[in-house]
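So that we are looking at the same thing, I have put the structure below in structure tokens.
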Amino acid sequence: MEFRKVARYAGVLGALGAIALFVEPALAQQAATAPAAPPPPVPNKGDSAFMYIASVLVLMMTVPGLALFYGGLVRTKNMLSMFMQVFATLCLVAILWVLYGYSMAFTNGGSLNDFVGGFSKAFLKGVDSTTLAATFSNGVYIPEYTYIIFQMTFACITPALILGAVAERLKFSAMLVFMALWATFIYFPIAHMVWYWGGPDAFGNAAKALAAATGDAKAQAQAAYDAVMADAGISFKWGALDFAGGTVVHINAGIAGLVGALILGPRIGYGKEPMPPHSLVNCMIGAALLWVGWFGFNVGSNLEVNQFAGVPFINTFIATCAAGLSWVIVEWIIKGKPSALGMASGVVAGLVAITPACGFAGVMGSIVLGLVVSPICFFFCSAIKGALGYDDSLDVFGVHCVGGIVGALGTGLLVNPAWGGAGIADYTSKPGELVAGTYDMATQMISQAKAVGMTLVWSGIGSAILFKLVDIIIGLRPSEEKEREGLDITDHGESAYHY
Amino acid sequence: MEFRKVARYAGVLGALGAIALFVEPALAQQAATAPAAPPPPVPNKGDSAFMYIASVLVLMMTVPGLALFYGGLVRTKNMLSMFMQVFATLCLVAILWVLYGYSMAFTNGGSLNDFVGGFSKAFLKGVDSTTLAATFSNGVYIPEYTYIIFQMTFACITPALILGAVAERLKFSAMLVFMALWATFIYFPIAHMVWYWGGPDAFGNAAKALAAATGDAKAQAQAAYDAVMADAGISFKWGALDFAGGTVVHINAGIAGLVGALILGPRIGYGKEPMPPHSLVNCMIGAALLWVGWFGFNVGSNLEVNQFAGVPFINTFIATCAAGLSWVIVEWIIKGKPSALGMASGVVAGLVAITPACGFAGVMGSIVLGLVVSPICFFFCSAIKGALGYDDSLDVFGVHCVGGIVGALGTGLLVNPAWGGAGIADYTSKPGELVAGTYDMATQMISQAKAVGMTLVWSGIGSAILFKLVDIIIGLRPSEEKEREGLDITDHGESAYHY
Amino acid sequence: MEFRKVARYAGVLGALGAIALFVEPALAQQAATAPAAPPPPVPNKGDSAFMYIASVLVLMMTVPGLALFYGGLVRTKNMLSMFMQVFATLCLVAILWVLYGYSMAFTNGGSLNDFVGGFSKAFLKGVDSTTLAATFSNGVYIPEYTYIIFQMTFACITPALILGAVAERLKFSAMLVFMALWATFIYFPIAHMVWYWGGPDAFGNAAKALAAATGDAKAQAQAAYDAVMADAGISFKWGALDFAGGTVVHINAGIAGLVGALILGPRIGYGKEPMPPHSLVNCMIGAALLWVGWFGFNVGSNLEVNQFAGVPFINTFIATCAAGLSWVIVEWIIKGKPSALGMASGVVAGLVAITPACGFAGVMGSIVLGLVVSPICFFFCSAIKGALGYDDSLDVFGVHCVGGIVGALGTGLLVNPAWGGAGIADYTSKPGELVAGTYDMATQMISQAKAVGMTLVWSGIGSAILFKLVDIIIGLRPSEEKEREGLDITDHGESAYHY
Amino acid sequence: MKLITAVIKPFKLEEVRSALTDLGLQGMTVTEVKGYGRQKGHTEIYRGAEYAVSFLPKIKIEVVVPGAQVDKALAAIQRAAKTGQIGDGKIFVSPIEHTVRIRTGESDDDAL
Amino acid sequence: MKLITAVIKPFKLEEVRSALTDLGLQGMTVTEVKGYGRQKGHTEIYRGAEYAVSFLPKIKIEVVVPGAQVDKALAAIQRAAKTGQIGDGKIFVSPIEHTVRIRTGESDDDAL
Amino acid sequence: MKLITAVIKPFKLEEVRSALTDLGLQGMTVTEVKGYGRQKGHTEIYRGAEYAVSFLPKIKIEVVVPGAQVDKALAAIQRAAKTGQIGDGKIFVSPIEHTVRIRTGESDDDAL
């Protein structure tokens, strides 16, 4: 038991990434004061195989998964629009990612390093088949391309999530411009804040060097140690836990969606005309593919397929089951019938909530998290949305943002070793031995809350500015007549079906 | 050639599982009489990567695969009902699995051990990231979580298969209660009977210890040896072969479906009104995803990705192709046209039949099995069903049970080394060397028949009791008016499509 | 940098395969003159795991991927026909593959060896779990079954691609006969010409032996060396580069499709009645699944998951994104609206173009290739097709053949190390050290053009003969009345939808 | 000639069709429609939002018959379509002045 | 009795339905149709091929009313369905000679 | 005014539409229907179970024309829709008493 507790963590906040080039200058520098460098690590083929498939799975979550989940929920006349917006967002952001996004997220940003990286790897400069990225285990590396690809799929799906909130009334042209801006000014920086750090070996080596240093070398080693610790995003330094992107992905996209829905205003006829999902079948296929792909998302966030990979896997499975059932039961009690849309919503809410927690919680804790998240999201999607009257078309806020917050806070509780959680790893006190650090609930919950708050503020305000900007430049909404006719015909000149 | 023949086996019956905790007390006890224990085995990352993806594939078989395959075949008004029933069964059984199902299937059940396990691992007690599960190779282990997850996906899809037989007329509430009971009293015990054993190392070590023992120690070693051999499910001890679950999954669900169809009675209008599939497109997408996912099911049942993994893979591919073509050709001859539904049915029949045989048969044998299974299933789905007049809505009996029986018996023949089969491994006479045991067709066919009969009886009678019970408590069928209106609206308050 | 440049190549043309049985007689013979043979290589489990999943992904490209992509584009009345033709082609060709296709493609064909293999491995004779296939790295092998399976999925999808060009007017019976012939006389030979070679170790060992030989042995070693070099398909010997099958798969199927469309003539009503896609949603789901599965196709073509596997992966991702956007933008400019079908077409065009180049190009080169291919394909699908008036129903020629040619020629340019490409490996001058050979643009472009031309001629003429032959024997097209009613009912006796 | 338009419950189509063909009426045209009437619809709920679906699926049969056969046809339809439950539907009779069979150009009663 | 047939814009269905029920008309039958008229359609483009789609989705409402209510019904429909934009649709009135309620056999005005 | 109702083969819609517009008729309403008649349907087989599908897809065109144009319209439809094969369909003419254009309130011939 002891072993597991310490091992499944993620440094301080370091959920996903933590790329460290094997021959990164900063590290080389410290290596000078450390014992002779070990031979370059060789990536394990099992890890690589897993990470590539995980990336494929996250792509499948986006297309066709998310496109179907969202597309099934809109009216027939906007079905293709939904598909096109998801596809185009994916294509656009992937290209930005290799041009400068990866660099903005995962390099040192100099004086702005707390918030954003720099451009030293723009156009993937210096990346080739031999460069490596750190994982969360000392001495274990994966090819840097593998890491770039896996992270790219995250960068692509996150903005696409926003589309559900503004569905059926956002012009395609405006959407493209908004997405380019949003990826650049919101996503890449937040990814940097949360996921950029030096990696376990950098931490461990610096700590070892410091411990070994005596006399004059002590001060130098301390400085080197401090430099390594400081070379990370601000959220990471706060020590919040987020295994697979609850904040960076779900809270981030969810709050941006709410802001978009408020700025665009409700769809014509909202609250007056019925707007039932045009194909709940497509919606459920989409939900199923999201679930299937989410194992790439969550388990891939372990960055290697070591023994601990089973933990995020089983938690992702079970929390989702619990949340699916729990939404359906709440609905049964309150509305009189358990609905298929409720099942789909619960499944997604469960996946969202377990995302930050999946590597930290115990299996029973995951069941509880799943049971809890659905009623809360249900309440936001029906009561709160109804009361406030905003038109978050497909409940991106109610499911992703609210579910993400439940998950982020739940993570702080469920990591508790006393409750079957994995505890928090300590990379520095006994480097390489995976000893668990101390866990204090209050401290941890404050860290979690800070990370949540930071994301809500940065993404909320930033998205508002960007939406307004695009509205001024090219206008967000189509004319009333076009919106009535549907975006499929007016934006794309096509109809989804000709049965 | 010699090497292959001995190596692709599976102990006695041990198709899938054979979990043995590395430090399980019982084994440790015997280890005392054996030479010093080797260092704890380290799971191979390639194996883990493969098993996780295999589990994802089996999930994809269930949702959206099976939901689409079944959903496409019902009438529009019951489409969401089909999806909901599959999703809810999956969610429910997965939770039961971690609560007590895994323990009931894969622990020693004391005096009931022939038929069912105990509750020593209820709530996954004692399982963590360091515990291991045995594979079919001496000295090769995978993380226990990996095994729990993989087996969980089997536990989830099996009851969902039943849903096709009682489609369009089983109330959602009754379905939930039935599934909880069925998993508990039928599936978990049968999984125990067929798949619970001590693993190859336990067998081998006991045999080695026995061989080495002299004098007084001999009797003690013999007792230890007998204990290991006895610590297995009854079906396993009979020595039937079932690589990936032909009995536990397909015969089991198929006979339960027939019983359900008989107890519920035919759908209103059955035989009078046309009930054509509302979307053969969805049905074929479902069939394709079943095929795709079945590689996780069948090849994953090898539990590791060693050189023998190619055998179940290529057999699963080829038998399916042969069965797809063969159904279509039979139909062409008898009905005048080769139909898409025939292709989908043949594909599934082929997958069902090859499931128990995939790791044992040769490639040419698999083609024969595929060619043979489709005409037999076709005969049951058209002639027999028509003659007897029961309403097995989606032919769960005709395809899964009949196809499963063809496969189970075919396995006994095709394993024959003289016919290109793999032969049956002998873990005890030369442990660790994968020497093939003797093969006798008559003996083997009797074992196969016993396993089939056992499943038919246990599941047939048990399911009848459970269906009746649920009928008494809450009633299985909706009112006539509700059935006419369709379960989508009456059970779930939704319509599948609003084009 | 240096390391990467030399390493990602593929021998001379050797895109995909290069099977060499570890104990193949020819090699054993040379080994006699070489130093003592090393112990038999053990396949890496990570490689095997990856290759099996890659094969599953290519199956998923075919069904449901391609079936949906094509099916969505036809009219409702031919939807099932499209699905059936894809499924049946897959089943049929897979069986031919294990019966004799693999042997025709991947064994020595004696005097015809330049063009086709022999029948020494018919019925998979001699293949078992212990036989191995070479990869592109010295000393790295995968199980031969793995290679057979992976290549089988290619053999299945290629003929299925043709179906789009002759959609809605090819009888099912004629289709079956044509496909059996086409696989046999076009696909298996072309696969042999392009992908059959001795593998890196055969090359390297012969070269080493030659270098070490002195005196009399020199001539003998030279002869042995020449024999190894000569034991390859003709296209391979020309030295053209094709990483994952641009010629064998896309140009080959594309030109066959054009020939078929010309011989069958246009659909009744073509150019007069509107023939809009009956479900662009299905088309886009299909495009997404093609994309998802294509990672199996392209990255699997690396045959192992070494560090270089990231290159085809990221290129496949990024070129596709660029091509998707670029088609949409061209359409926006020329036709006034960016369409969903345009996005789907661009995505597929990008995938086609990057297929031969994915392991050779740099990431920025891949973006350029993606941006370039879409306008060219768009031009063929609209202007050229319109001008010439042939009815390539789903633009198989315009997307697969044209896109394939763009990719094949682009590969010759983008492999250029000076432009970020990987350079061309030299297996003989410094065997085992992965030193890059020289690159000369003119030479390389001539090789590429020869391979393209060869494929166009063999497949173009061969397909014409086969289509004519089938037309004479059983007739290609249904009666006018049947074509009007739709093939779903007239060929298969079913309707796709009964909403 | 009269046009008889019957709005019936969908599952009654087969019975009505065969009742009419038993009378020797060889042609009819059928449309899927939605009906609003006394039969109450149902409520659909989508993530908390409830919609009253007041329109129910019905089948509309249109059959043009020679004047002499109107009464028999009305009786036949009524018999076949009746369940006695609310929502069984309506039959309307309206005049047709002229009929043409496109294939042959025959007209009026000959065209039926 | 008269049959009032109104072809309207789809999103006006709810308003027209409630206008009619406000008049006490408890039944109507609705069909999804495609209309061709002055309102121009749109162009759809599929891989370069352009199709002029001249038919637009419309809703056809059929309601049989007692003679006395025709004018009120006409006025109500017109009010509810009007947007003032081209394509608002048409209303046609035609005679109905006989009506039967299948469930009860009641006929004519009693059947409405 | 008369209502001309034509039930035709689906692929003839375009020809009939353009034949009518050539006459200057600017409006019509089209419905997808299923027709039963002399033209025999087909059999569909689902896993052994055979269904005789007696209804075939047809298109129903409704066009209201001023009395003076009825004959020309009938002739035009007949010409355009004819293939000479069984199942070409029927044309029915019935009276319309009143017409309203919703947008403007114009009525009768002005509304067409």
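By written order: A, B, C, D, E and F. Residues from 1 in each chain.
By our rule, a contact is a pair of C-beta atoms (placed from the backbone, for glycine too) under 8 Å apart; a residue touches a chain by one contact, two chains touch by 3 or more.
On a predicted model such as this, the values are computed, not experimentally measured, just so you know.
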Fewest touching-chain hops separating chain C from chain D: 2
Which of D-E and B-C has more C-beta contact pairs: B-C
Between chain A and chain F, centroid-to-centroid distance (C-alpha), Å: 56
Geometric centre distance via CA averages, chain F-chain C, whole Å: 50
Sequence positions of chain C contacting 2 or more other chains: 44-47, 49-50, 53, 274, 276-277, 335, 337, 339, 341, 493-495, 497, 499
Residue list for chain D, restricted to those that touch at least two other chains: 31, 44-46, 94-95
Touch relationships between chains, expressed as pairs: A-B, A-C, A-D, A-E, B-C, B-D, B-F, C-E, C-F, D-E, D-F, E-F
Residue ranges of chain E in contact with chain F within the complex: 2, 6-8, 31-38, 54-55, 58, 60, 74, 77-78, 81-95
Residues on chain E engaged by chain A in the complex (per definition of touch): 11, 14, 42-46, 53
Residue ranges of chain D touching chain F (in the complex, touch as defined): 3, 17, 26-31, 64, 94-103, 105, 111-112
Touch list for chain F against partner chain B, complex: 44-51, 53
Residues of chain B touching chain A in the complex: 43-50, 52-53, 55-56, 59-60, 63-64, 67-68, 71, 79-80, 83-84, 87-88, 90-92, 94-95, 98, 123-124, 128-130, 143-146, 148-149, 152, 172, 282, 488, 491-499
